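So, here come the structures, one by one.
Heads up, the next two complexes both have chain A, just with different partners, chain B and then chain C.
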Partner chain A sequence: MGAGHRHQLYRPGNTVVHRLPPQCKLPAVAAFAVVVVATPREVFWAFGVYALLLAAVASVARVPASFMLRRMVIEVPFVVFAVALPVIGLGERVEVLGLSLSAQGLWAAWNILAKATLGVMASILLAATTEPRMMLLGAQRLRLPSLLVQIAMFMLRYMDVILDEMRRMRVARESRGFAARDVRHLPVLAKSAGALFIRSYERGERVHLAMLSRGYNGSMPIMNDATASARSWATAALLPAAALATAVLSWSVS
Partner chain B sequence: MHVPDGFFNAPVSIAAGAFAATGLGVCLRGARRELDDRTAPMAGLVAAFIFAVQMLNFPVAAGTSGHLLGGTLAAVLVGPYTAVLCVAVVLLVQGFFFADGGLTALGVNITLMAIVTTVVGYAVFRLIVRSAPRSRTAVSVAAFAGAAVSVPVAAMGFTALFWVGGTAPIDVSSVAIAMGGVHVLIGLGEGVITALTVSSVLAVRPDLVYGARGLKAPLVLRTAGGQSTEVTPEAAPEPARSAWPLLAGGALVAVLLAGVVSFYASSSPDGLEKVASDKGLNTHQESHPLGGSPLAGYGGKAVGDQRLAVGVAGVAGVGITVVAGGAIFYAVRRRGRVADRARA
Partner chain C sequence: MTTVSPSLRVSELAYAYPDGTQALFGVDLTIGRGERVALLGPNGAGKTTLVMHLNGILTAGHGSVEVAGLPVRKDTLGEIRRRVGLVFQDPDDQLFMPTVREDVAFGPANLGVRGPELELRVKEALELVGLPDVIDRPPHHLSFGQRRRVAVATVLAMRPEILVLDEPSSNLDPASRRELAEVLRSLDVTVLMVTHDLPYALELCERSLILSGGVIAADGPTRDILGDPGLLAAHRLELPYGFVVADRPY
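Let's look at the complex of A and B:
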């Protein structure tokens, strides 16, 4: 377990993007998202430039488009909402293909779709090129509260264990002919949740004792301390810098 | 309910981010008191549990199903501070690893789903547990009420943020009705499953339920002769806990919030005016159903109104903060006393 099991979110590779220290990538992606959100929605070409920037990063990192598209399914609920916006939006109406749509609703739908899609793509690229363990190491190096980082570390490490436990409980329920169909079946699900909590909590106690007996004193030892050079910072800053230049241009144009 | 990027404008995202960061800071200190050096592993495992339980779909009505948010459940089971941290970590992991919820919307997501649900749910829970007789049923009922209230309140928080800085041109009242209606139903489901889960844990390991610590029966010693003596734990002297750091922190939060809110209020007219000038008319403002309220109309009116709006927003922000801070302060004091009693 210490070796870090591979996640389906992570695509191992040895490209420039993969090799960048995580403490550089995290702020770069966050800054990129902020710049995208701050861009006025009327400037269509700016969003095209952002998409091209992300595509460039993806091609450098050798992340195939099919992988990105599969992961972008997470966005679907808000796509549905965005599609509904022009229909239910306020303001003046415009005729599009025989439908009366709200002009502002169209703008808002475009705004949410474009910005959310770019944000999701950036996050996917980050997760695809950074091992979860390394990402947390990067967060630690960025001086995030160590307690928060440790909690996230334990969560990531035991997430699959807990999910598997839940899956086994579901298999056990279903092999006994249970299917949650209406409200009367809630007590069964709730008892499963209760049992899962007790198992998780007791596992936490065991983990804590095991760690204490191995010399845990409240902070995790750092195994590979990757320091970031000025060069890697500069490389990581390329994406947000290019985005910022685009945004500044778009502000001055609009 | 994970808000993506671009749903709220930049000022609201930043203000919510500052609020979330402050709240997390408070909870990091509080969680250490709830769990001491066990915090990291225990909270990590509980966060994994919350993550798993959010995947547990339960049937709400015919054909539709909802899933648990888990804020109140976590607060009742492990205490409010740890609960906020756990749900926040779940949201952070979902944002950074699963691309679920925008990175710039993390502040909004953490504020609504981690802080508001947990604080409101736990406050309602404590209120009922304190006034009701000590029993497991009371704890379960209180857990139900806490969870059932917390979800619509979070939805209303979303609506309020949407009112201040949403990017979609939908009637705020219709958003309120839609969000409120749906989330009252979801809240009921959440309440039922929270209460049932809490009661099932209470039946097996009552010592694990943080919210049921008051249920511990006193130790009774019986001799062979039939004499029974109740061992009353010695009351430990109340530690002199200074209120100043908390008050100073609260004031800081208030100032921060008021500052950011008024920053927003001063920048907002530009945004509204921009929309109005883009469209060449102010139909938007006229069609606003809440046009009489101080925040709604200030975009098109004179500077005096703007100042008023800034003032109202600032005062409202500080008021909310004082109430929230007071609630946290009260909870911390009570917790301290309960913890001392338990230690003795």
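Let's look at the complex of A and C:
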């Protein structure tokens, strides 16, 4: 019960990318994303370079392409939105394979698709090489708002507990002959959700009491505030730096 | 009586919840240093309310609580919470950090302990509960019995004066129950154990208190209290079927 299953996004390994301190990786990925977004959409080759950079990181981290592709399903809603743009877009129309599409919409769709895909790929790489726990540690070391970090930490800790509770409630419902088949069963599910919320809320109160009992006074004590070496920072900066060089070049030619 | 201040002294403690329900009607009890005492009582007797007073989560409506001579007051809360180690019934409430190491370190870190000293405290506390190997595991990957023992370690790391356990044997399988008993017996600390589990009280505590109707209704050697069926029945306490307290220990 409550048995652990590894977090799906993480892919254990012992490469340079895995070993980099989380407080270096987080800003590196964020900086990479900013540079990508700041690149003019007309400079196609720059996006190709970015993709190559990410591919290089992935190969160093030994994250296979199939792993990346499977995780990229998360991007589908954006893709759908982007595909709609050329159809519903206004302005000058162009003929593509017999379809009349908006030129502006096409540019917008390309812009969203290219930039979002690169951003998602960078995030997947970060998640694949950094344990969720380490990610939070990195956020804490970067002095991000402690309340937000604490909320994320508790979510991580109690997700399994709450899922387990949810599963027990489902088993209890089904043991008494309930099966959700159509809309008329929604009220029952809604009540279950409400009960789950109240249980979780009460657990929150008990956890808070337990924290107070051990001297909690509003902020988490920082216990392992290891500083990263200049070398780690330099290694992590390689990706955004290479991207920035590409972007600068693209600004000057566009 | 000894001249050293007792680990815990509660006098004339009364408390009513904000909605007016009176839970405690004048509780008096003293627990000497190094004693292991069981606090027995039916559901709704006020056991949890009393426990919440011991480390100042609730503040006395009337009367006082002293831990090793230090009164529980707003300005002493920090030190009181170091001295009173509360182990909650559900270890999932108690273990809220991502790994066992961070969880055990949480208490002492709040006291300002850092670096190698903190590491030492964590190792020492896990050593005391017999689980030095789980240090890097996430709490939800441990068995229930292990989680309960780690919960004990999280408060031991604060080097408390008194360990207060709420239903320590609940939901444990027989082997985990025995392992926890061995841990508790090996500790050099005052213990107050809140429980319904009368055989467990007999096994671990020389002395027992019965809290019933918001007052201490009995205080004496566990063996005598459990050997008095009339007393137990008057306070809705029952020994398990077939269980007889032997006249002489073992």
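The criterion applied here is as follows: the second predicted complex is superposed on the first by the 211 of 254 C-alpha atoms of A that agree within 3 Å, B and C clash if a C-alpha of one lies under 4 Å from a C-alpha of the other, contacts with A are read in each partner's own complex, and residues count from 1 in each chain.
The rule is short, and it goes like this: contacts are C-beta pairs under 8 Å (C-beta built on N, C-alpha and C of every residue); 3 or more make two chains touch, one makes a residue touch a chain.
Treat the numbers as computed from the prediction; the structure is a model and nothing was measured.
Of the two partner chains, chain C is the only one that A:Arg214 touches; chain B does not reach it.
Between chain B and chain C, B touches the greater number of residues of chain A. Once the two complexes are laid over each other on the shared chain, residue contacts for A:Ala65 go to neither chain B nor chain C. Legend: residue contacts after superposition of the two complexes on their common chain; A:Arg203 is shown touching both chain B and chain C.
With both structures placed on the common chain, the touch criterion links A:Ala172 to neither chain B nor chain C. In the superposed model, A:Ala30 lies in contact with chain B only, and not with chain C.
Using the contact criterion defined above for the overlaid structures, shared-chain residue A:Val87 touches neither chain B nor chain C, since it reaches no partner. In the superposition on chain A, contact is made by A:Arg133 with chain C only, not with chain B.
Legend: residue contacts after superposition of the two complexes on their common chain; A:Met155 is shown touching chain B, with no touch to chain C.
Overlap of the chain B and chain C contact sets on chain A: residues 153-154, 156-158, 161, 203, 207, 211. Contact residues of chain A toward chain B in the complex are 7, 9, 26, 29-30, 33-34, 36-38, 41-42, 71-72, 74-75, 78, 85, 88-92, 102-105, 107-109, 111-112, 114-116, 118-120, 122-124, 126-127, 132, 135, 145, 147-148, 150-159, 161-163, 165-166, 180-183, 185-187, 189-198, 200-201, 203-205, 207-208, 211, 218. Across the complex, chain A is touched by residues 55, 57, 78, 81-82, 84, 86, 88, 90, 92-94, 96-99, 102, 105-107, 109-111, 114, 118, 138-141, 154-155, 158 of chain C.
Contacts from chain A toward chain C in the complex involve residues 2-4, 133, 136, 153-154, 156-158, 160-161, 203, 206-207, 209-217, 221, 223.
Those residues of chain B whose C-beta lies close enough to touch chain A in the complex are 4-7, 9-10, 13, 24-25, 28, 31-32, 37-49, 51-53, 55-62, 68, 73, 77-78, 85-86, 88-90, 92-93, 95-100, 102-104, 167-171, 174, 189, 192-193, 195-201, 204-205, 208, 275, 278-279, 283-284, 287.
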